[in-house]
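Please go over the structures that come below.
Both complexes shown next keep chain A, but they swap its partner, so chain B is in the first and chain C is in the second.
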Partner chain A sequence: MNVLDGLLQGFTAAVSWEVIPYLIGGATLGLIIGVIPGLGGHFAMAMLIPFVFRMDATTGVTFILAAHAAVAQGGGLTAILFATPGTGQNAATLLDGPAMTEKGEAGRAVGAAMTACFLGALFGAVVLTVLLPILRRVVLLFGPPEFFMLAVLALTFIAVLGTKGAINKGLIGGALGLLFSFVGAGNVTGERRFTFGLLELWDGLSMVPVLLGIFAVSEMLDLWIQGGALARKEKGHDARSVQKQIFNGVFTTLRRWWLVIRCSSIGTTLGLIPGLGSAPAAFLAYAHAKQTSKTPEKFGTGTIEGVIAPESANDAVEGGALASTLAFGIPGSSSMAILITALIIMGVEPGPEMMTFHLDLVFLMIWTVILGNFVGTILGILVANPLARITFMRGSILVPILLTVILTGSFVVHSSWFDMIVALLFGMLGYVMKKLDYSRPAFIIGFVLGLMVERNLFLSLQLYGTRFIFEPLALTLMVIAILVLVYNVHKLVRTS
Partner chain B sequence: MKSSLHSQNVNRRRYAIPLFLLAAILLTAIGAVDASAESQAEVAAFYKGKNLNFIVPYKPGGGYDTYSRILRPYLEKHTGARVVVRNVPGAGGLLGVNETYTTSANGLTIGIQNAVASVTNQMSEIEGVRYDFTKFSWVGRMATNVRALAVRKGSSYKTIQDLINAKEKVKMGATGLGGSTYVDAVITMKALGFPAEIIHGYDSSKEMDMGMLRGEIEILWGSYSSRRKMVKAGEQFIILQSGKKRSSDLPDTPTWFEVAPSEHAKKILTVLTAMHETGRPIAGPPGIPGDRLQFLREAFYKAMHDPDFLKDAKKAKRVLSYLSGEEMEQLAKESMIIEDENIKQMFIDAIKGSI
Partner chain C sequence: MPSKETDKSNVGADLVFCLFLFAMVVVFFIMAIGYKSVTRHAPMVVLIPLAFLLLLQIALAIKKLIGIKDSGGTLSLQVKIERKNLWRGGQLFLAMITLIIMIYFCGQLFGIALFLILFLRFFSRESWILALSLGIGVTVGLHLLFEKILGIPLYPGAIYKYVSGLIGI
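Moving on, here comes the complex of A and B:
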């Protein structure tokens, strides 16, 4: 079977009458799970595993992958409308999404986010398809030295994330995030750091409650203290103007295609890194958009680019995460690990032989990522209108409801009371950071990347000694990191 | 179910079923069945419709989680209870195991655990252990893992003898200090006497697979089931396996006992084998009332031998190795005893990562 045949067969399988209900059903389920804070794509997939025992590979793959695909849309919706991210991948959307809602542009933001999600997923899928013949070599390019340098490069973006141009507040935020990432049993020495005798801290702070705290709980505190509603402007109340805004958002995103492509490629590249997830990709895309914007000062005040960038990156990640899954049968993320379990249950052995014997299934997966996202986007746009009107409710009514949902979300992931307390404590920290203009995105980037930097540095040193920095790709990444830093320092010196 | 069973378990199991049947027949004959049948019915009525909590000490999606979720509907079928799988990850599984041990002993909470980790944690006396491994109310064991020493494709070490005769240190991958890939690496290196440099700190066996593909590391220890895929793809091959007898999955691969150079080495490997034997058991807190524990054990027996369950497990490529609660209780006691003080110290050092 050649590539073109596979492409066609995968598509006809995905849109056949037997499969389409599963595609739509899966995407709807994914959207619902995405709306619930804390529950992410891999939860959606794990939940569906018992069902795939009685399914054949085609329907099963479509069902769980469509559910996984549409989670980002659900999370994006609530991030924009209620300042509550579904999971990590939508946290970066909180920087400008809720601000747009406040200005009465909720519809525009939702339209942009849903479209960006779809375009990002499409980009990731296309890149994956193009790379299929050389996928194995591309995936093997990245080892500990390259991951280390990629993480360092990502950390340099902290410099641009200082709110209102205050670079030191960005750096402090990032350093604080790094510090919190080191809580738990060290990956290198196994010794326990900052655990204060609490077993709950041994595995480190979980990302979901920290994110929900830093961004969502803090917004609720702010709204409660300030009073008013999530949307403060009078205009844009009625269904018709929200509808108009949604279309405006869709077209604005299409016109910003170059930004979408750049942010999507950040997402897909970071997707190659095992276990990183899509939260850092979204933040990096945001930082990149801010850095290259002609009006960086508008970021954080409700600019549409601040929504397009993270939402296109977080769905483009899937293309990268699927790469190592398809090429070697080695999962690139926890979601992909579950996908592999499902494939095995349905009698398909993921890995190299899949590329030879099940090319139609490979393309079915790629098509499902595209079509699942498409369905998610359409559904997201459909439910945006009624949901948007809730944002005009008084804060005194909305805050208790949303806070309950957020805290329940932080509880359910591991059914842990401890995580709920973490969310509350980080909510207070997030509120203080917001009020004093310390960068919360920088905090999250530091928090997510800290352990990765440490582990890959240690592995690189064990494997190659200090000469690991001269590995060609690692060296290239290091040069880029230095250039980014120099550019930023130069810009800073010039403006001040 | 003719999968990678340790042969001694096969023997145990072979006797377990007839013995069980014999006991049942005897009881019927004596007529004592009246009383017990009544209490059996009472226990069944107790469980009917109640929530039976099932603690998985890891996140959703991993091996332990998958095993539990495959078992769940069949445990429901044979207990009549609603089985609720709860993931309680944290502290490398310790948090969930602690909860399983300290929860109310009413027979409504049980959990699966990584028994090797439970044994090593208790043995090395790390802080935070709130259980005594020998005192759990054992329901039974789902599986044991055959451990396999895998070598990357294209390596110059083709057999275990090549490795033992190696002139320079071989790079051997491991996850965190004290994890089973690390303990296996250190202990076998010592017992079999091959030169190795342990590269530890990989996040998971998946990352190590990538490391092997890139050629960073030459060899690694892992469970056979986790190696199976890479072996089938021709990327890795297995040169050594754990246990006393060769597994039916690996008939041409020597066991570590076959290549042990001395009696002392055999002693060390006996301890390691006993630990791996404990595998993936299911247990509740100490002190579950006798009749309820008996009911759970029987339900577990029925679930593990349910033809549909066996089909599902086979589909998910999950190797099973049933052991009854009574046998698991015995095994738990045996696995905690290391007579030789030097060997015990060696294990403790390996677990703590100080070798």
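Moving on, here comes the complex of A and C:
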């Protein structure tokens, strides 16, 4: 299948009657979850994983990716209206969004944020489409040693860049995830490992309860312990005036197209680097917008460029992150690790084969990112005010309801009681990791990559012996990993 | 700004967590030695660096604790706020265990309805009307979503299984 065929087939699938309800449903759920402070894209995707295992790949991927696509838009809404970022990636929007609200321009900021999100995602998707033919060739250069080293490099990046100065804790998180992925029958010999005599562990730890535990149960524990309402500040907003201003914000963003393109380029480029995620991209885009502005002094006081820049970079990240996830099977973020889990559950293996045999699915994902964001934008614009009220729901109501859904989700995948216990135990582990700053994304990515790491290590040793690390590309990747590690450790030692 | 007490508590908790992980790594290491060479390759590649990383983290935590002690703080790891958090976390953990037990006996739908009503009324201190409406609403929603739309059968419960066996349904 060539790229053009894939593009058309992906579009036809994305707008078919079987898929559209999942696209709209996923985007709506994503928007709602995004609005709730503390619950990010990985929470949305983890929550939806139990629902996809009875779906086919087309509907399942659309559902889960549409939800992920709309999360940032929901988060932007809360950041602007209540000075509380719905997700971490919206933190940069706090610099100017709430200031615009204070000036009575809440609607304008919301309109600009929603449009910037959509345009950013569109840009990221276009770049991904352009990159695909190149990636298809690059992938052919990779054999088992290169894939093994790429996994090591990705984990190093995520551990180093994804943690705030605690490199050791990031590496521990990644290694723990890898270790837990080895529980159960060995991938090569079938010999049972670390099962402690438990029959339930013979097949290994199931991905769904581990994911739900680490990201969903732990968030519920945190929410319950914090207590109170999700958003703590309430400011009066006149619903009618907000709606009127929204369209002004939309057109202002369209007029600032060059700023959108520049900031989206920053987002997409950073998205290609595993572990960086949306938040640094948003801050970098904000800094760039301020530096290149004719009126930099207005930044921080409620200027619309200060909202457009981070929001467009936020969503453009997804295009870059999807590229490495789909082409190499190496997730660039926790959300992408969950996407890989969903693909495996639905019988699709990400990586080089995906670029050859499932190109239609790759393009379906690209279209879903675009259309999911579009649906999210329209919904966000239409129901900005009622959506924002979700933030005043008390944690004491939300926690038990979501917990029942999470535990039901853990159970239904294998109809296993043990999976509910696993979700509970990993929930506690996730909570402790969150509180003590151990990297949960690195843990999940390590857990998802375990199978690939072991298989490629085995094949590399069989093919080249221990000399596999001296294969040119593998050696280059290893040197990059070591340099990144040494540079960051050196920087940390110097600053401390 | 985090207080000295909270810092101390976090460093102490970090030390305990690392010691626990290190003990787990040692157990895994001993188990891995007994496996076939090919089976233990990948786990060993992870276990050995992980053990070093944990030892480093333990050393850092001990150094920090000694630093805090030298600067005049006490080595008490418990502070009021942490105790309160621990108590609330424990509450929710027990609630989740209760939910699993309820689902086991009453089935997924009745167990969840019962759990939500009791939790919202007595833990969250919501009104009976809200507790009842949310309990029933969420249960109906889960039934529609899983059983009707997605076609995933939910667990009917040990009581139902026992009674249906008795009356021969």
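The rule is short, and it goes like this: the second predicted complex is superposed on the first by the 278 of 496 C-alpha atoms of A that agree within 3 Å, B and C clash if a C-alpha of one lies under 4 Å from a C-alpha of the other, contacts with A are read in each partner's own complex, and residues count from 1 in each chain.
Assume contacts are C-beta pairs under 8 Å (C-beta built on N, C-alpha and C of every residue); 3 or more make two chains touch, one makes a residue touch a chain.
Bear in mind the structure is a predicted one, so any value in this text is a computation, not a measurement.
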Which superposed partner A:F251 touches (first chain B, second chain C, both, neither): neither
Which of chain B and chain C A:P352 touches, first, second, both or neither: first
Chain B versus chain C as contact partner of A:F411, first or second or both or neither: second
First, second, both or neither for A:Y487, with chain B first and chain C second: neither
Which of chain B and chain C A:G143 touches, first, second, both or neither: first
Touched partner set for A:W224, first chain B, second chain C, both or neither: second
Touching partner for A:P400 - first (chain B), second (chain C), both, neither: second
Which of chain B and chain C A:F11 touches, first, second, both or neither: neither
Contacts of A:L436 with chain B and chain C, given as first, second, both or neither: second
Set intersection of chain A contacts, chain C complex versus chain B complex: 187-189, 415, 458
Contact footprint of chain A on chain B as seen in their complex: 59-62, 65-66, 69, 72-73, 86-92, 94-95, 98, 127-128, 171, 176-178, 199-204, 206-207, 209-211, 213-214, 216, 229, 232-233, 235, 312, 315-317, 352-353
Of chain A, residues touching chain B in the complex: 42-43, 45-46, 49-50, 53, 139-140, 143-144, 185, 187-190, 197, 199-200, 202-203, 274-275, 324, 328-331, 334, 337-338, 341, 344-347, 349-353, 414-416, 455, 458-459, 462-463
Interface residues, chain A side, partner chain C - complex: 51, 54-55, 168-169, 171-172, 175-176, 178-179, 182, 186-189, 191, 193-194, 217, 220-221, 224-225, 227, 394, 396-397, 399-401, 403-405, 407-408, 411-412, 415, 417, 420-421, 424, 427-428, 431-432, 435-436, 450, 453-454, 457-458, 461
Chain A partner contacts - residues on chain C that touch it in the complex: 10, 13-14, 17, 21, 25, 28, 31-32, 35-36, 38-43, 45-47, 49-50, 53-54, 56-57, 60, 85, 88-89, 91-93, 95-97, 99-100, 103-104, 108, 112, 115-116, 119-120, 123-126, 130, 134, 138, 142, 145-146, 150-152, 154-155
